[in-house]
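For reference, the structures are reproduced in the following blocks.
In the two assemblies presented below, chain A is common to both, partnered first by chain B and then by chain C.
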Partner chain A sequence: MVDLIALGEQILLLAGMVTLGFAIGMFFNGFARKVTARIHNRIGPPIYQGYIDVFKLFAKKTNISHGWIFDLAALFSVAGITLAFLFLPVAGFTLLSTEGDIFLILYLLAIPALGFALGAGASGNPNAAVGIMRALILMLAYELPLVMVVVAMMIHYNTTSLATLVQMQSGMHWAIFVPVFFIGAIIVDMALQGMLMEKPFDIAIAPHEIASGPMVEFGGKHLGALMLYKMMAIVVETTLFVDLFLGGGVVLSVSQYGWIAYVVNFLVWFALITLVFFLALLINAVFPRFRIEQALKFYWKYDALAALLILIWVFAGVSI
Partner chain B sequence: MRNDDWKKVSRLVSKKSLWMVHFCTGCGAMEMPPVMTSRYDMERFGIAPMATPRQADVLLITGYLSIKTLKRVVQVYEQMRDPKYVIGFGSCTINGGMYWDSYNTIKDLSKYIPVDLYIAGCMPRPEAIMDAFLKLMEMIEKGEAIGWKKYHKYYDQYKRNQRMAFSYRLDEVQDIKEDDAK
Partner chain C sequence: MILEAFGVMLLAVIVVLALDRYPRIAAAVAIIASLLPLFALTSWAGIMGISLPSFLAPLEFESSLVYNLGPGTLNLAITPLGWFFLLLLATSFPLALLFASSFVRNRAGGFYAGMLLTMLGSFGVLLARDALTFFLFWEIMSWSILAMVLRGGDRRAIVSYLSFGSLSAMLLLFGFMMLYFKTGTFLFGDMHLDTSLTTLVALSMIVAGLAVKGALMPLHVWAPHVYSRSEEPFVAFLSGGLSKLGYFGMLLFMYGIAGLSLLSSWGTFRDVSYFGYALAVIGAFTAFAGTVLAVMQDDLRKLLAYSSVGQLGYIAIGIGIGTPLALTGALFQALNHTFFKAVLFLAAGAVYYRTGKWKISELGGLGYRMPFTFLAALFAIFALAAIPITSGFAAKWLLYEAAIEKKFLFVTPIMLIAGVGAFLYAYKILYGVFLGEPRYDVKEAPISQLVAMWLLVLPLVIFLIFPGWVADLAAPILSEYGMQPIPHTPYVITTNLAAYNTLAVIFALMGALLVSLILYKWKPQEVVPHEDNYLAGEPPELYEYISMHAASNYYEPFEDVFGPVFRRGAERAWEIILAAAEFLGNGARRLYTGLTQDYSIYILLFFLILVGWWLLW
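After this line comes the complex of A and B, so read on.
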């Protein structure tokens, strides 16, 4: 017989993690605007602005739809990114994580972008079509260096599980301290800049150029769902970086310290993803925008080439 | 009662997040950059410029509107989602301003779309614009900014005024492409 109490606990945990993810994502929205404003020598909005914006969008009274695909696309994005979040080890805390989940996460990260593309396509606006084309080209561009570095890590650590990877890095044996993966971290950080769609890679959104691209026809509750997706995407992508290179934020072992370890690990994880996001924001605040072919060239010429060298280096089994 | 309370909370929070699309055909556009950037920084109050009317809450009409522009403004206004607010900016939207005897500008904006708030002056200073936004927030909180409800209620009158301005017959469908072809 199924253990109902254990099942209930599991469901509560999942719901709690999803809530935490969205709460942190919304905080990051306000945080990003505040940091950008301070760099521009402005005061900026209050740090809880993200919560207000999402509330307002869901409180809008009319919703103009462009067919059922348009309605479902935003949900599709939110669901995809939420699933990706649940598969990630967060502060060493694993929920759905299993063997081989690195492949699964790389696949799951593409799903919400496709949902986004479906919605934009259904809206039939030419700006959305241009935006989505740019977004998909950008995805193609940054995934190549990202996947090559991740494959190099899988070979080096001899695992396909993120949870195992995080475990192997515990005790401050972070991958970023290995010289070859220090370069790998820089490469993936560049890819992260594209994943987060911050400048210089905000080509797909480009508000002044193609009127916010894929989101051009979205408003009200549809835009609210899309914003939730974007906010959760920040948490998922920075957590992926932290899990790969910064030991997932695990500093205390759970078997030794009990529940205190969970609290401390979560705080460290939060500090680390904030730091990673903060670096992305600093780059975002001072750079102009690439054109799409410049972005592709950047990723495939420099990033991917360096990633290929790392892959060959690790594959040849040179002791580092 | 509970529904009323919910509306009050909703208004109280929503007023802190006004996304604005500014329809800058008149000279008033000149006053917007200082309001948005570091000198006056309207993002302090959660006001942010948006790229499209679908995403926006506030429509800012800066300056005079010719008959031809009015058609676009009406389209932009109708694309916005409720609740939506309009701010008429400068004397031109109130009584035509210096274009009071022009043959092809409209004189009173509120005949064509419901205006929640006017900013007088030619041009209004950035301080006046900030003051107007704060006033609009106050009106939203009290539930006085009901232009969008008026547009639903008096839709016929607004449409009649618009068509009279465009000098179309009442049964004729207005289309921008048709108009451009002429």
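After this line comes the complex of A and C, so read on.
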């Protein structure tokens, strides 16, 4: 019986965190629009616009589908991003992250992307196919510097588990304070810009060229599900950055301060992911869009070259 | 029973050749004969510590056999390594034949005969306990592959296979002879190799010879030609099953016969032998270049062929690193690749069977027409892209962990980026063939083809849930090499870097799918044909002159960037070597003019040089 109660508590905690994650994601949507509007000297929508949009879309009466493969997009994108969130350490809560590692998260992040791509492809709209093509090439582009830095970190800290990495950074031994990983953080931040598909890397969506690309055929609850996915993806990707470089937002140790530590850590984590996202928004607001081959060359030439230096540093550091 | 099995298979070869006019009966005979290796597999399950119920093992096979063949002896015995690879071959082989029963109509007898001979050869290779037996069966296998390539009738495929096949045979033979020279025996059990240079050269030659069959770059040139110009059921078995024999041989010679300590005696780098390190680097390069080339193909078969080359590179990486973790990963990857690549080639065959098209840009929209083929291919693609809802992920994960554990700073990112590249071509198959604008009004594939594909999908699901079972299968192999098995339970694999719990993934996925299903089922929906949205309800006939399927030149920006570097790279290199050889040969030929005067001048010149040299010296 005790086991069951513990299991129930665990499931409740996971469900609560996922709900909270989606809530933060929806908040980020409104936040992004407000910040961009203020930079453009507009007033912009209210900061809770994200909630309004999602609830409106899920409340729609007509929902157009193009068959069951098309529906896979809605199912896989929400399920996949939830799954990825569950395997991240979030604000000192390990959730399921001790059962997997960074590679699992990188591959779990592909589930919603591929599911989304399936649905978009099944819509038969050429714009969607072009958008997916761009998104996939962009993914190939930003993953190279990202995995180079991640591999360097994993070898330096001798673990591939994010939970262990966060633990090792506790007591403010954040990776970003190691000079070489400060450069690494900048490189990964650029990769993050591509992951978040903010300008200059919003090539896949590109509303003016290909009519929002992959999203073009979706409406009603399908679009609602995809919006939920995009919003949660922001939380997951910024959390990944915070876990890697900023100690996962853990500032107080739970064993010392008890439940206060959970609250404080949660707030610090929230502040940090907001900060990371805010940085991305600042870049987004002022840059124009790259072409896809420019993005590929940017990531593989400059970003990857800098990442190579980090690899060489770790290489030298390991052999000595 | 081993000899009887060979005899029955040979008999079946003659029977199917005689039944050339009756494809269905020939198929039935071939499938019955193909069950023999499967029964051998179940009968030998004991050596892997598996006890099967007796109805699964109706025939009793002896575990070793020495047969006097006149000039020499055949030494056959089952080993854990042989059993593992027999598992891959013997299970995929009958299914490929089942698929063929509805696919191959033309000169069917020859097809089944060739297939049975390749299986006979590989059965012998897996059991061989001395170098000559190994070579004999290896050549039976290689030459029957040539027979199958000849059926395809493509000159380029035949020439490239023949030249690389003979290169492989030559390298193997030289290697075996050198080992015989050093040790005085062909028996694997008695070969006690020393650390001399001869042994190193011999081992390198053998591994290079095996790498031809394993399609490692730059010896892969034959693979795309052969894979794209032969019949699909055969290619499914060639890519899925037979290409693994190269890696079987590498494991056998590098770890079974030479051993880790011998490899390490030629120098190590961070406890990985230089020998293994070189293989790992070649494997990583193969994985990356194969992936990039696969992304650029428009022919479905060529795409799958290059993808095969790339995925096989991962096995080489694992074998090269050579830790228990890496070897388990390599075996796991071999197992996965057998099944998912067989499914993909068979699905391509099913698509061809219905539409008659190979080009991705000419296909499209088959997902709703052939849903079961689509779903099988989707599963296989998930496994290929290592998405953690099939067993594909566990294998790649083990290899990544092994590489990080040994601090392979440059190989690991290349492996990871090749993994991302796999998404690109995976989506190209999905979109180009199954999604997008429906262009063909075709039926679902025949039932025999569907059964074959779905039975091959089954292991991908089983080993998703129980990845520990592969570690169990790898344990006796590792203990033969004096290594400890990796710590695992059926569901959890632990390394000293992290742990991977597949139950957590499955249950979390179920929970998450449940949540999204509730969200999704909240409101009813209406299904409309896709023209109704983006063509604004206009009848599609108006658009007949434009294709709405954006699949031709799909990754054009990618090709602009990578094309100049990768297109025809290896082939051009070989062509340069060929041109140099031809130039020298032509130069030498010009000397033979057929005129007596010229020859007399040569003789005179020769004497002058001789005299001059004698005078000066």
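Everything that follows uses one rule, which is that the second predicted complex is superposed on the first by the 313 of 320 C-alpha atoms of A that agree within 3 Å, B and C clash if a C-alpha of one lies under 4 Å from a C-alpha of the other, contacts with A are read in each partner's own complex, and residues count from 1 in each chain.
Just so we're on the same page, contacts are C-beta pairs under 8 Å (C-beta built on N, C-alpha and C of every residue); 3 or more make two chains touch, one makes a residue touch a chain.
Everything quoted here is computed from the prediction, not taken from an experiment.
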First, second, both or neither for A:311, with chain B first and chain C second: second
Touched partner set for A:121, first chain B, second chain C, both or neither: second
Partner chain in contact with A:129 - chain B first, chain C second, else both or neither: second
Contacts of A:171 with chain B and chain C, given as first, second, both or neither: neither
Touching partner for A:61 - first (chain B), second (chain C), both, neither: both
Which of chain B and chain C A:220 touches, first, second, both or neither: both
Superposition-derived comparison: chain B or chain C, residues of chain A touched: C
Contacts of A:8 with chain B and chain C, given as first, second, both or neither: neither
Chain C-contacting residues of chain A that also contact chain B: 59-64, 216-217, 220
Chain A to chain C touching residues, read off their complex: 11, 14, 18, 58-67, 69, 71, 74-80, 82-83, 86-87, 96, 98-101, 103-104, 106-108, 110-111, 113-114, 117-118, 121-127, 129-130, 132-134, 136-137, 139-140, 143-144, 147-148, 151-152, 154-155, 158-161, 164, 216-217, 220-221, 224-225, 228, 291-293, 296-297, 300, 311, 314-315, 318
Interface residues, chain B side, partner chain A - complex: 10, 13-14, 16-17, 37-38, 41, 43-46, 50-52, 54-57, 79-83
List of chain A residues in touch with chain B within their complex: 33, 37, 40-46, 49, 52-53, 55-56, 59-64, 207-208, 211-212, 215-220, 223
Sites on chain C touched by chain A in the complex: 365, 367-368, 374, 378, 382, 385-389, 393, 396-397, 400-401, 404, 407, 409-410, 412-413, 416-417, 419-421, 423-424, 426-427, 430-431, 434-438, 492, 497-501, 504-505, 508-509, 511-513, 515-517, 519-520, 522-534, 548-551, 554-555, 557-558, 560-561
